[in-house]
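As structure tokens, here come the structures.
Presented sequentially are two complexes of subunit A, the first with subunit B as partner and the second with subunit C.
Moving on, here comes the complex of A and B:
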């Protein structure tokens, strides 16, 4: 295994990965500015992302001095919404990706190590889960019980965990399992849990981390899509911002009301692309054959 | 081979059963049920409510209810839609299925082809500007917010440039006096295109069998294909259907383009990665050392062997592309399965939503199966004895 510094050195070589990382850091800073701005600079009655209202002008107002990105049809500041949502998107993406990767890694390692029934069971389960069209399924579920962001992240995380990620991580764990040091650990008297925990999982971890990035992208896109169709119980998110513009009928005239959809749409795409690009960069770390010689 | 296919069919049936059971119990576990409107209505007398409960079969234990659901399912009885009241669910879904099928197949085939072609080129010219540009553009589309992307495309091509119709499946004003219902025309159209493509494929295959491709042979193949296509058009025109077919095709363009834009990057990036591995192989170097032209080494040596992992990923991404397809259908008001699913879910039309969800699952299962068979046929290393040799 290489050290963290060596991993970083390889990662730094890939321009796409670094570009993605820079964008993520920018989003992080942007999201962290929210509490500062809300407490110190902005008037909470006007700039609240959900219940704010500016009584001094007609809405939706075009970008102006007080509202750098304009206001939405019911008088809320777009920039404030964008900033407020950033932190929540981070939370959603990272939480659901964490769940899927932690559970997926553990199951993959178990399936590879024990083989037999455990293996067959989880692989067949993964086959079935992979067939599930997530978005339609969640639309139907979401229209019956309104999911909030937290439960949505958890459901999405588990759905992803039992699906394709298990198969990929198991294949990796299988390669680790046949190495001599596993036998050495067994001979030295290590029990199964110990071997899985301290020998197999650390070797699968880089690949898990890679898939975590891809899962962040998937989670945020699903959330945005479902919010757009109005089946989630989320008061504010990027998808919700476009939903507001669409239901109020302002998407029919794009050019005139660009500030209603462009900032949030761009944010979704940029944010997802950034995580995806970091994933591509990590791919070169994990997969030596992709590297330049 | 036969044993392998039979085994996969067995798995397919079991998976289908599990899927139906999951969807059924998931929806049963949801709070709120349309029958509660009657069963908890205080204005209906107690005895009538009991009778109603019996008639609806809700007094039976859950497992009996489930078994009767399964029985009804396989006898083609999915209940009656609430939102389009007297129409049976089965009827609605059968009407919608072909449209989704055509959209899904066309878009997937096109995006696979585009992704394959682009991936091959950018892997060959790794590190060049075209590589970086295609990667970044591809990722941008791959992670784009689908609803917004489709809205932007509608705005650009239908609203501003007016090249293509806004949305929907057909132009109502054109079809008012049409002698056929739209599904009939659509059916003939799909059938005709299938026949033409099989014919073209047969022509290309029979003429391309030899080792050497001469200019005359290629010319002949193109001429024959064009002839078959013209004959198809002629048949449609003489039946008077051509105008209507053209209308459907025009309505198909934007959804297909959107889906292709969303999906091609997945194949492209995988093709690139997989080809970066094959170009390092010895046989590619040998081919180069023989002095073969660059394009031949790329297409016939490196790309061919890089194709297999890409096909695997196609199998794995079918569900995701289905989800994208459903969103696209809703955005373009394309009256397929996806639109029905979204509308019925939002209108709390349980029978229709369940039916659409189950149908989507079956559809995906079959697509999965076909792709698996394709993979097995392509890869000589897969053993047909039972389990694939290389799993994962």
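Moving on, here comes the complex of A and C:
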């Protein structure tokens, strides 16, 4: 087992992981610029991402000096929307991924350690959750209850937790469970909770962390898809920006109104790709067979 | 009243009676027949206070299973184990906590028996930690003391190292320190030197013997190496396919083996001098698995001395053929 510094050295070797990390940091800086810009540079009446309106021009306006990425059909600044949404996408992705990984790790470890009924119950539950097509299911849920960003993140987190991540982490925990140091902990007098908490979970944690990265991607994509369908009670997000362009009928005139959908579409793609790339980089840390010799 | 109390010093620390473990093999949904692997079958022995009993036998003969049952890692199918006058099967709750402080185990593989994500301090203090013994300061002192006792010095240099930063010998010393940190009375040592390099093996063996003397503990020393058993153990029990076939003082077993299996085992130890010739017993076949064995002598298909009584009669019980020398063999007992 390696120390943190060695992990970092292996991670740094993987170009793909570093590239992803750089993109994520750029998005982070971009998102953090929003409150500064809104408070100091931009006029709140004009540049508010939801209720802003620029009365000086026709909308949608193409990119110009006042609006670097143009405006949308109802006169809101695209760049302001993009910046405003970045922070919330981070929140959504990280929150739902955290929930899914924390819950999934614990359930996977329990299922592996206890076996028997606990194992069978959670594995069948995972099968059922994985059988459900996510997006149609969430469309139904979204039309029944008003899902804001926060509750959506929680629902998504739990859906992911009881799905595939439980199975993957259970498989890993099974490998840990048969190691002699688990027997040694039993002989030392550790109870089940102690063994799960102090031995099994720390040893599956690298894999959990890896799946957290992939789950961020999944969460952002689900949000974008559902926002596009307009079933989420979210005032602004990257998905909502595409939704606005689509409902106003500007999506089909290919290149002509590119600034309405390209920035948000590109942001979703890049953001998801970045987390996926970091995941791939971490994969090389966790899974030594993938590493270059 | 004091006269009525049994003299504790004379009482054995471990009493094992009829210990049996059968594992179910080949269980299938559509298969009606079930087969049982008789890993340990009706094994009985005692270990006196301060004594080291060696359990010798080839791979798969049930040595480790016996050891695991003594520390309650595996539940026996039948039989009873008394450790320090406590019935191990009946232990639970608060008694379990005491039991874990009385009985400890040293594992075979020091590369696998230490959690790679824990520091040396966490590993050694874990038994204190989970049993809520002492304050953090006490534990630090205790761990430092144990580390210096097992020859890892200076102790505080090693507190925050991870197992991967230690050598094989150091790892096993850490594992020994961890087992001894709660002051146990009885230790099951499951081949603690077999995974170590020859050059450091004797060091660890000397340490084990030294600690046993200083702390007055008893060991059940599981090994396949007769030389190690001879060096460390007071008595040796030889196991074959789940049964003890011979049990006697260490020198007696090595110098005067009676059971044909023990003789074969000893003759398999290479001699350093090629000029010496010795009789090699004519053992047929190879070791099999005790799956649903008939209740006759397990060794008789391979035994050079086997006669008709061996296959006609039930399994021979351990019987004393000379003072302190027990053998399970129809022919030897009849003689």
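As a working rule, the second predicted complex is superposed on the first by the 293 of 293 C-alpha atoms of A that agree within 3 Å, B and C clash if a C-alpha of one lies under 4 Å from a C-alpha of the other, contacts with A are read in each partner's own complex, and residues count from 1 in each chain.
Note that in this section a residue touches a chain if its C-beta (ideal position, glycine included) is under 8 Å from a C-beta of that chain, and two chains touch if they have at least 3 such contacts.
What you see is a predicted model; the values in this text were computed from it and never measured.
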item	value
Subunit A as common anchor, with subunit B and subunit C clashing or fitting	fit
First, second, both or neither for A:40, with subunit B first and subunit C second	neither
Which of subunit B and subunit C A:269 touches, first, second, both or neither	first
Which of subunit B and subunit C A:56 touches, first, second, both or neither	neither
Partner chain(s) touched by A:181 [first = subunit B, second = subunit C, both, neither]	second
Once both complexes are placed on the shared chain, angle at subunit A toward subunit B and subunit C, C-alpha, multiple of 10 degrees	90
Subunit B versus subunit C as contact partner of A:134, first or second or both or neither	first
Subunit C versus subunit B, contacts on subunit A by residue	B
After fitting on chain A: smallest Cα gap, subunit B-subunit C, Å	6
Footprint of subunit B on subunit A - complex, ascending	15-16, 123, 127-128, 130-137, 139-145, 164, 167-168, 170-171, 174, 217, 221, 224-225, 228-231, 239, 242, 251, 254, 261, 265, 268-269, 272-273, 276-277, 280, 283, 287, 289-290, 292
Touching residues on subunit C, where the partner in the complex is subunit A	68, 71, 73, 96-97, 100-101, 103-105, 107-109, 112-118, 126-127, 130-131, 162-164, 175, 178-179
Complex contacts: residues of subunit B adjacent to subunit A	11, 15, 18-19, 22, 26-27, 30-32, 126-127, 132, 135-136, 139-140, 142-148, 151-152, 155, 159, 269, 273, 276-277, 280, 316, 319-320, 322-324, 326-327, 330, 338, 341-342, 345-346, 348, 353-354, 356-357, 360-361, 364-365, 368, 391-392
Partner subunit C, residues of subunit A touching it in the complex	1-3, 179-181, 183-191, 194, 198-199, 202-203
